[in-house]
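The structure follows.
All chains are identified by letter, namely A, B, C, D, E and F, in their written order; residue positions are counted from 1 within each chain.
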Amino acid sequence: MGTLGDAFLARQRLLVVAPHPDDETLGCAGTIARVKSLGGQAYVMVVSVGGITQHGRGAGGRGPGFVSGPERRAEFDDVMKFLDLDDYEVLFDEDALHERLDTVPQRMLIEQIEYAAALSLEKLRPSMVLIPARIYNQDHAATFRACLAATRPASAGARYLVPNVLVYDNTTAFWSVPDEWFVPNVFIDISAHLDTKAEALRRYSSQVRPAPFHGSPEGAQITAAFHGGQVSIAAAEAFQALRLTW
Amino acid sequence: MGTLGDAFLARQRLLVVAPHPDDETLGCAGTIARVKSLGGQAYVMVVSVGGITQHGRGAGGRGPGFVSGPERRAEFDDVMKFLDLDDYEVLFDEDALHERLDTVPQRMLIEQIEYAAALSLEKLRPSMVLIPARIYNQDHAATFRACLAATRPASAGARYLVPNVLVYDNTTAFWSVPDEWFVPNVFIDISAHLDTKAEALRRYSSQVRPAPFHGSPEGAQITAAFHGGQVSIAAAEAFQALRLTW
Amino acid sequence: MGTLGDAFLARQRLLVVAPHPDDETLGCAGTIARVKSLGGQAYVMVVSVGGITQHGRGAGGRGPGFVSGPERRAEFDDVMKFLDLDDYEVLFDEDALHERLDTVPQRMLIEQIEYAAALSLEKLRPSMVLIPARIYNQDHAATFRACLAATRPASAGARYLVPNVLVYDNTTAFWSVPDEWFVPNVFIDISAHLDTKAEALRRYSSQVRPAPFHGSPEGAQITAAFHGGQVSIAAAEAFQALRLTW
Amino acid sequence: MGTLGDAFLARQRLLVVAPHPDDETLGCAGTIARVKSLGGQAYVMVVSVGGITQHGRGAGGRGPGFVSGPERRAEFDDVMKFLDLDDYEVLFDEDALHERLDTVPQRMLIEQIEYAAALSLEKLRPSMVLIPARIYNQDHAATFRACLAATRPASAGARYLVPNVLVYDNTTAFWSVPDEWFVPNVFIDISAHLDTKAEALRRYSSQVRPAPFHGSPEGAQITAAFHGGQVSIAAAEAFQALRLTW
Amino acid sequence: MGTLGDAFLARQRLLVVAPHPDDETLGCAGTIARVKSLGGQAYVMVVSVGGITQHGRGAGGRGPGFVSGPERRAEFDDVMKFLDLDDYEVLFDEDALHERLDTVPQRMLIEQIEYAAALSLEKLRPSMVLIPARIYNQDHAATFRACLAATRPASAGARYLVPNVLVYDNTTAFWSVPDEWFVPNVFIDISAHLDTKAEALRRYSSQVRPAPFHGSPEGAQITAAFHGGQVSIAAAEAFQALRLTW
Amino acid sequence: MGTLGDAFLARQRLLVVAPHPDDETLGCAGTIARVKSLGGQAYVMVVSVGGITQHGRGAGGRGPGFVSGPERRAEFDDVMKFLDLDDYEVLFDEDALHERLDTVPQRMLIEQIEYAAALSLEKLRPSMVLIPARIYNQDHAATFRACLAATRPASAGARYLVPNVLVYDNTTAFWSVPDEWFVPNVFIDISAHLDTKAEALRRYSSQVRPAPFHGSPEGAQITAAFHGGQVSIAAAEAFQALRLTW
């Protein structure tokens, strides 16, 4: 497995699409680190960065607290460099759009992902795209739908068809109606990269919550151990393959 | 069962979130009445009340007929008093938003339910929240999604985490794609409160339709008898538990 | 089967609702042709026609290419006449709405389909409505939802209740999350009308792509042979019945 | 609807396959009565009749009580005559097999239904087959699976392919895991035949339980009113179409 | 939550049905310990204990190794005492049936669980039954189906109807087809009883495997932390409610 | 895609498990041929070969016709050689078991697949296992369940854990209840091997049916074109990945 998996991942040109900074790290930091360590390429496209007043982020961890767009952008830049991405991009950085992607025409998101953005599918031509899970969050749902449209089957020669499309995990993906449950079918061994993932999460300091929160660095380690145990390895990231073309 | 169920319900602080007036009664009037009769607390939050021209509400029950916002609001006030609610609230009463919650940014709904409204989760801290089913109606769908987001898992101490979240029935919940079908797993005995429920429905006089319409007072009684028969009691309201925390 | 199916289809007053021109043909041209050949009635309501710059439609089949609204409208008129429809209608022909139906309040679409349009359910009173599948495309999703709302159960006498509601196939309906997969349960024999369907598709010349694209005329023939083989006939169109009332 | 539904049902040659006597009546007596009243044909195939000691059937309705095979067979004959079936058949009448169809090789059941029995698909060539829902009961599950196999697609000319296959309701079909839930998509108007259905159920005197039991004659009437209300008619039987071929 | 949950659990008369010894501990040991510590009652019914040659249990943890029935029975007795069960029972202890419950007529299992066994539903009249998940293992699948049949709705007065039926988790429940996935909706706080659970697992010494195996004591702790994190507590056991009656 | 897919497939050690001869060819002949042509290894394990009287196989293609076990075995040997398998095996060749695998204890099948057979997982240690879809046929269902059990997660070091487990298509996989529908997520390009697949099917002369039967050689070509069109290639075999470990 190790050898075959290494060989397969080493040749990938990976694009991770994330609604907001830190989603790519919660879901795929271990896989990104492994692909990079094997000599593959990895790119991240974040849809929206912006400032927002969040409840439960005030003094003492309660009440309203404001985190600015530039603050989150700086954290993102730091983590992208820490994870040694080949390139990364933010599509929208207006505060007015942040956490309001449900008000953006879907077509506008689709066009960016499909061909307009610097790291669009048409320009980057990735071998594998990792897209976010549908969850209760309106930005995640909008990004998921836009990714699905952008990776739709194409007439050969007219558009670039991404051969491998997978949904990545989210520690809140379980909070859903049963028919939208995240059911993984791909497990990527990140045993050698779990520390890197935890460190990347900690660098998103405006987003860190204490254990036992599912999205805390400790929670991410438990999740990796949980999915690892499902395939008898120390740590894994889990994915749901929508289309693999071999 | 009776004794255990009584003990459990008697201690609840119940919040019902309804897209429009009468949804809370169609789905939960019997449960509200039972909780109140046992000494528990019950609250209702309605998202939108407004005037609207409805087809099939004109003269003779056909063609366009207008029902005003104040008319529906008065019916709602009357029923809330009849059911002896501890408190109730309407989030939006502009005609322009009524039946158009799909045009409201989801975040605006979520913030209200989560912490901004008078009966928000953060302020009321209910032990149990009853949320509407996803159905074809755009306001119901928007309210369902917003409730799901507002009840998402929280970092302990930072936000209030509602321990019990259930979806309540809707007599039109069957008109759906199979994967969104309403599949109840909680049955609450309302045998002693069925008359109260029927009376509350009749008080929504602008909304009453004649039998055999599923949403008529007679239709609601048949639905209660149907779900009661499933657990061998005279009448029940059915719910789909999404998260119970014991 | 032939005899019973013929008798059933011959008496139908069929309405096909399509997001854009050519969707009705990809999904139902064979059924339309058969119903017409048997003496039944068939109508088409298209929600949106507009001009759009499509990627992969430029010179040599790559890069951006513009197809205007009038151009698509002319193709649509031609096909409607070729298929001998009893009547047809386009709800919206503004470029600004085309491929942006997710920005239109759902209620506006529902009202058109339910009672406002010339071929609305209330005016046409069809015996059978064929509605588009939910897919990744935002206009298809919006149209599907609006059709579901417009065909909701009604109080008898107040609104027209369509007895038969079916979802028609789309050659991209497979590109979906598993829980939204198109699962057909009705197969209509179009063996005698497959050539008509292929010709109608070719007349949408701005939309034709070469084989092996799933939506090419050849792809549609393979799809018809595939579904036909499932019931041991030469060619079939597949549908998912949501409600049949007998 | 009435006219079209009547015309469609009047021409059917209907076969109902039931695990045990009374299942066909609980699920389809109204439809059988309507098809017969319209001049169509109706047949019933029961898989197993046998004697059994049932818990809760003893003195006073509690503890063990024995109902013999001949007793149940006599009830069945009486009801078949009351419903005026064109013909009916029992496949197995050994006590040793009754409630133990899970121990019978599936192939043995399939062969009977497919071509060996007097009313087999190959001999009767029905236009429509109504098969039982998968439920917790082992005989129902075995019969459902055998019916599915017997109605599988066939090479044209080699075997008879039943054009219309539907699953009929069962008042216990709701007691299931969510993914096996009975989701009806066909509603047959039995308003004029509800009394006939209730009378047929009462004639199965060994099986009658008092209300509010879901399977009591009163329970069946509530279920019919419930499904009727879903399509705004007085009473309906509900079915899940698996394959309709037109 | 704590107070309400404590009050609810303290009054339960709990029955856990397990296919084999240790399944009840993997899924419910924390809940059993909590119910007992609160003054409630807890019972365990194991369906089969027997000797078996297991692959991967030989010398060095590879190849065939035999574990005898009496050996497993002794472990079970020890754990039952350690967890302070009010009573417990083994239905079948023949080696010939162990791991072969798919060859036992379902009716035989159902009768035992329903009324024949010492701890049957009819005799024990539990307020809550915890049943095993459907998984790939034939004994688990058979036990799940038998429990579903034994807890089916009953005519009031004739049979005992268990008000609360839940499926408990299994660390291999994820290895399944997507539609049979275990989707929990009840979370029971076992933070104070996690050590007890781990110790109970270790006492099943013939069944202990080393980490990172999902079913190891360490794996069970990770699973409890994983589900705990989903509701922001330290450790939880997860359940899927099939029927709660209040 | 081609290059990456070739590299991935070239290194596989593939095991196909088939209920009966020709299932492996209908589902995977193109993939087997491609893996072999790339230098990979491919093995086939058939569970049962036997003689059987099939309805619709008599004179003129109707009525009963007998095909003997040795006849089917000879066809199988011929195809295995034609496809150049590295090795192949038949587990059971008794007529009494053929089409009756539902009467075999599951454990007996599991043991064979897991470690007892010559090509068992433990002995062969395949990198990828292709298992049959659950369908109405009892032998397919039994084989599917046994494969699921045999590939269950294992304690590292104790048993061999197959990293990649996929379900292969079956031209009758569509004849199922909606929740058991075959939903492919892996597409393997067999454009260069479609003729080989058709020829292999024709060599199973006792099983060949004429078009438009879904399982005819022509039907298999249409199915391959249909799935190919979904990813814009000429021909593909479709699979449902249950577990991929990279």
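Quick note on the criterion: contacts are C-beta pairs under 8 Å (C-beta built on N, C-alpha and C of every residue); 3 or more make two chains touch, one makes a residue touch a chain.
The structure displayed is predicted, hence computed values, not measured ones.
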Chains contacting each of chain C and chain D, listed by label: B, F
Selected from B-E, B-C or A-B, interface repeating C-D by over half of its contact pairs: B-E
Chain of greatest Cα-centre distance to chain A: D
Magnitude of the superposing rotation for chain A and chain B (Cα, nearest 5°): 120
Homomeric contact chain A-chain F: same or different residue positions, threshold half: same
Distance between chain centroids, defined by C-alpha means - chain C, chain F (Å): 36
Centre-of-Cα separation between chain F and chain B, whole angstrom: 51
For chain B, residues that touch 2 or more chains besides their own: 153-156, 175, 178-179, 183, 212-214, 216, 230, 232-233, 242-243
Complete list of chain pairs which touch one another: A-B, A-C, A-E, A-F, B-C, B-D, B-E, C-D, C-F, D-E, D-F, E-F
Partner chain A, residues of chain C touching it in the complex: 55-57, 61-62, 99-100, 102-103, 136-138, 172, 175-179, 209-210, 212-216
Residue ranges of chain F touching chain E (in the complex, touch as defined): 105-107, 111, 114-115, 122, 134, 145, 148-149, 152-159, 179-180, 183, 242-243
Chain A residues within the chain F interface of the complex: 1, 4-5, 7-9, 11-12, 127, 153-156, 161, 163, 185-189, 230-233, 236, 241-246
Interfacial residue positions of chain C with respect to chain F in the complex: 171, 174-175, 178, 181, 183, 211-214, 216, 219, 222-223, 225-226, 228-230, 232-234
